[in-house]
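Since the structure comes first, as structure tokens, the remarks are kept for the end.
Per-chain residue numbering starts at 1, and chain names A, B, C, D, E and F are given in the order in which the chains are listed.
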Amino acid sequence: MSHSVFYAELPWPETERRVRAGAPVFLPLGATEQHGRHMALNTDVVLPTSIAARVARRVDGLVLPAVAYGNRSQPKTGGGPSFPGTLNLAANTFSFIVRDLICELYRQNVRRVVTVNGHYENVWPTIEGIELALDAIGRDRAQGLKIIRIDHWDMIRKSTLERVFPSGYPGIELEHASVLETSMMLALRPELVDLKQALNDGPACFLPYDRYPEPPPEVPMSGVLSLTEGSSAEKGEWLLRDCEDGIVDIVNREFFAR
Amino acid sequence: MSHSVFYAELPWPETERRVRAGAPVFLPLGATEQHGRHMALNTDVVLPTSIAARVARRVDGLVLPAVAYGNRSQPKTGGGPSFPGTLNLAANTFSFIVRDLICELYRQNVRRVVTVNGHYENVWPTIEGIELALDAIGRDRAQGLKIIRIDHWDMIRKSTLERVFPSGYPGIELEHASVLETSMMLALRPELVDLKQALNDGPACFLPYDRYPEPPPEVPMSGVLSLTEGSSAEKGEWLLRDCEDGIVDIVNREFFAR
Amino acid sequence: MSHSVFYAELPWPETERRVRAGAPVFLPLGATEQHGRHMALNTDVVLPTSIAARVARRVDGLVLPAVAYGNRSQPKTGGGPSFPGTLNLAANTFSFIVRDLICELYRQNVRRVVTVNGHYENVWPTIEGIELALDAIGRDRAQGLKIIRIDHWDMIRKSTLERVFPSGYPGIELEHASVLETSMMLALRPELVDLKQALNDGPACFLPYDRYPEPPPEVPMSGVLSLTEGSSAEKGEWLLRDCEDGIVDIVNREFFAR
Amino acid sequence: MSHSVFYAELPWPETERRVRAGAPVFLPLGATEQHGRHMALNTDVVLPTSIAARVARRVDGLVLPAVAYGNRSQPKTGGGPSFPGTLNLAANTFSFIVRDLICELYRQNVRRVVTVNGHYENVWPTIEGIELALDAIGRDRAQGLKIIRIDHWDMIRKSTLERVFPSGYPGIELEHASVLETSMMLALRPELVDLKQALNDGPACFLPYDRYPEPPPEVPMSGVLSLTEGSSAEKGEWLLRDCEDGIVDIVNREFFAR
Amino acid sequence: MSHSVFYAELPWPETERRVRAGAPVFLPLGATEQHGRHMALNTDVVLPTSIAARVARRVDGLVLPAVAYGNRSQPKTGGGPSFPGTLNLAANTFSFIVRDLICELYRQNVRRVVTVNGHYENVWPTIEGIELALDAIGRDRAQGLKIIRIDHWDMIRKSTLERVFPSGYPGIELEHASVLETSMMLALRPELVDLKQALNDGPACFLPYDRYPEPPPEVPMSGVLSLTEGSSAEKGEWLLRDCEDGIVDIVNREFFAR
Amino acid sequence: MSHSVFYAELPWPETERRVRAGAPVFLPLGATEQHGRHMALNTDVVLPTSIAARVARRVDGLVLPAVAYGNRSQPKTGGGPSFPGTLNLAANTFSFIVRDLICELYRQNVRRVVTVNGHYENVWPTIEGIELALDAIGRDRAQGLKIIRIDHWDMIRKSTLERVFPSGYPGIELEHASVLETSMMLALRPELVDLKQALNDGPACFLPYDRYPEPPPEVPMSGVLSLTEGSSAEKGEWLLRDCEDGIVDIVNREFFAR
């Protein structure tokens, strides 16, 4: 038990010991959201949790339980609320979770926090939650505390994207449930992917504005915003390694100045 | 993939199909909270999730991702916030999570919801979250919706308690991290329990009132409110079976009138 | 005027003088809730206010105006919201009242606060309100402040329960509007009780789970969860004395170390 | 018991019967606030409650428990927060109380609500609470509901003011703890007034703007904004009769078109 | 550019320089609200902004962008929400804006803040916002900060009112969209006034209580609560000069002790 | 007066008439935020307001007063909160403003709403505010309502970007206070720009993650994230025309199906 990097798999004396030893603490931020006909709804939970665990093993870190529900899925970045399966939190609720957890980590003497996000729509309420926590802790007192906010897709090297997309990277905006996420899931949890079910009805061609309350008709029926073709576990491993290495570097530089 | 009872391990078309077929949906409500020197912090997540999964398999149900952080741990029922390891949410945050998820389930056409709670302090903010959701949905519209709120320990038969505690049941209040929870964890995740680390410094002897802000000194050092002695996987299995059977009966009676 | 223990019956110079002298301040927490066909809706206000006043006279304390509306009545503990007469506050509203009042008492230099609760559903939002107040005050500054949270029924001695219920105590859960509350009201405000109107249609036999939005049909028509038979002013006086003595002891021990 | 006009002194079947019969329901809104060296902190509770009870007896109405804590006292209208004794609620808290109670009254089939306010600072959060309740109920559904919001001092006839202040009425702004309130308290609860303690250090001479955070030095030491001289129970009775008659007229006109 | 008194028309180095030099910062608080058939909806924005700018020029101050939406218009003071054109904020929203801005000004080292209000219904949520800000900043730290809250109409000299209303001042309550506001708008933005459109269907004769949800029928059809007759740019200039001089005096006395 | 496209410059009968005639209503969303040493803090207000006005003139629309304060400036997109001059709202506050205004527009029978955003950090709380408004209105009722959410920079044609940046477009992320915004301000309000003050210390080279509470040292001293060199009023006019034409097209297509 006590060798796990998962915070919640440890008894309290062991978490206390590791926090005292300076362990960075990783908070995976996910969602329960449609990811195409071919992939499980927990994609945004599996990816940041797995990446955080890989990093934690290398930097003597701890991985908290993921926040398994994310901020409102939007049509252009996740298919939107009208898709079956997707379960959203309001931005305020999500921000309060982040605020509470950071306050609690601070109270438990954690001073090195890394949020690892796997759901695009979480970016802004995470920032808000961090700001609310810093207000609650007190900006002066918070000086000893350092919080790193990472979106895992930002860790992928340009050279890797070129290898994955030899005919050109369509851009992160459309990558929902597409080659990047699908490849990483194939590497990590192949039983949660069934490429035969992929419709390949993308890529989506969105108009440059949003409409409410009716969702835009441009979202592909499958929920895949770009394409899944060419996804593979091997590519997934390239991508995961980028994420892992990238975050290890950040942790070393920001927390240990090495 | 598509045989899992875990909602988030399915692609969206399969959750949609099952919801349409009338699947009851189970929401495990847990916590990340100290459970003694001998047991992992995720005890309140593992138990309701595992129980919900056993039930779901028998009633064609679906199990949502657990809410892995619970309402503020209190000294008399969970050791309180001063214990290392414990990470709390404010009541309001917890209620908003429950509210949002029930609204979302309703929006996704789920009409049979069961919350399975594993953390005593969640009882009241869960009730509040349900009430807020019913207000948001509209009490009239909510007529087709039925929500069952279960605390798993209430499913344990009196006869089982007599078997587990031949010399008398100390009462649910003190059972935090004690024989009931330890036995069930031994049956489900033995690698997360190390009975040799148990201090057996209980049972706690609490005064009949609460004090703030200083926590009461009566909480045992270990965090175990009663005792762990006599815990066993076998007893755990008796208890889990009670929980499973109890909830299956409730689901059949309340949702299917059988 | 200036001999009253009721804070709000004094002019400001007198409250200031007493607070400076170290007077413990009691905040009764009540409800406006059905209490059977035989008893007034203010039972949960009368009891904690009267008990607090008796205690205050013995310890030179002050009794604040009661919070006369309580957190949402639940079917199993108070008959639930569907009963005519019952007027509920949301948990959040109740917590904010408690938070604001504790912050204000702190600002007014009160450092000895006792909440005396008479409505079961208030327990959790009171705890939340206290925690929110401590956050607002600042945990460091709050060191000089001590808050005692008491539910009056926890003050009743086991021996008294045995005298009141010679054939066995049914347990506090079902005591809503039953022998304990009715007896104490007969002792304090007999004009608010009319035992001839009691239906004696209990005790309630609740299933071990909650259902929403429809209330459970097991609530007795009268709203009395157990029975009123055998209630008497004499028993009420026994019970009130237990509450009074119990709280006096707590106040002496916690605030004056005597 | 069942002849009382006080809602909370009745058992639930009687409140139900009277509501069904069309009883207007009065909600007194008060405060716990300094009212000079000569008068009790509960002045703003006693006045609207007593006035509401007098009215209720004449129109077969019901009087709810008063909200005993008011919105933040301001220097120019109540002496402000720096006075010992005063205990304030935040505007939001106060609005939520009003919102919840009006929603609950609506749920209990009350369609005739009168708020009777005794604390100037409550005016705006009461309006906000009413608006929030109407939003929560739904503006369409709320058509059958009528809410009357009254500040008791607006019921006083000009001719009465001339009788009370033969040398000119100083205006309602400065009447805090002054002749009007003192006279009505002398008529209702003479034991809560001790005119000998009055300092007569007023009237306050306020500058035409507010300053924060330091309170303005213009507030008289006593907390009486104008003067108490000339207060008498007889004048109090004149004033109370105006309030009573005024509200009876309003109730008859607005609810019964008579 | 850098000679403007308007904060938002400057580049950041210039605002920083002026704040360091001790510039008082003015926050105009307005509304988008009907002001009769003859005047633009932005009257409550134009007046406090223009007045603040005149003052700022004399005291080396800075004028922030106005809050252009106000707290809920009420029938008796602004015609109420049922008038076309009027767009309201909830009290809570308005208070949060004021809270956030004062916290931000404090963070930007501003210690001299003046709110200049042009919409009666903003008075109370402004006070609440200031109090919330002081709580957030910390009352101790806030000692160096001074906030002046001014309603511009309170700056008008009695002698000026006598000149404007030779036959008697009807009182500020009914002045919505009437002679005072109309005259000042004629002086400042004559193109936003068309006196020929004025109906002169007032003055309103309000009953001394409020009714919800139906608005009272006493509001004049035009939305003008009193009368516009006799409005002129010349009178407007008298009034504006009073406001300007009054605030200059306050600023000198409160911030510079001169 | 009545020819203005600015909603708040009209008297209420004219706004009512135009809304009845089907006028689309534009809500500019801005900020008060540093925009380099060379440009005014109101850039994010001026741009969307001016663009909305140009569009409104062509489609018989109305332009509401801009929301002049924006959601928290972030280092990578606006320099962050540590820059002098910048005044932020919390996400929640901003969302509530948007929610309230959309609800009010709906109440005023507006069914065609366009938010025109000029501040990147507003994107997410605007979405949240729209969702909250739709919840408050009721999704069913909201069917007749259509809300278009536009960020003005998304209207710029690729060909224009190529003309403006002959040596390659650095990407929107770094365009804060840079060539696009500076050029448009030169075209609209040249007196608010002083190119001589530009430091040209960019472009910023941000690391691919965020750090709190200390801001990242990579923000250029000037606050300009990219460069201002090459900005001109002529280019500004090209860009504004794109924005204008783009939104006119959207309005025609979405609201008038032409």
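Following the convention adopted for this analysis, a contact is a pair of C-beta atoms (placed from the backbone, for glycine too) under 8 Å apart; a residue touches a chain by one contact, two chains touch by 3 or more.
Remember, it's a predicted structure, so these values are computed and weren't measured experimentally.
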Chains touching both chain C and chain D: none
Chains contacting each of chain B and chain F, listed by label: A
Where chain A and chain C are represented by their mean Cα positions, the distance between them in whole Å: 47
Centre distance in Å when chain B and chain C are each reduced to the mean of their C-alpha atoms: 29
Touching two or more other chains - residues of chain A: 90, 92
Overall pattern in which the protein chains touch one another (line/ring/star/complete/other): ring
Residue numbers on chain E that touch chain D, as the complex places them: 72, 74, 90-92, 95, 121, 123-125, 127-128, 130-132, 134, 139, 142-143, 145-151, 154-155, 207-214, 246, 250, 254
Chain D - residues contacting chain C, complex: 1, 6-13, 15-16, 19, 32, 34-42, 45, 64-69, 81, 83-90, 92-93, 96-97, 99-101, 104-105, 107-108, 191-194, 197, 223
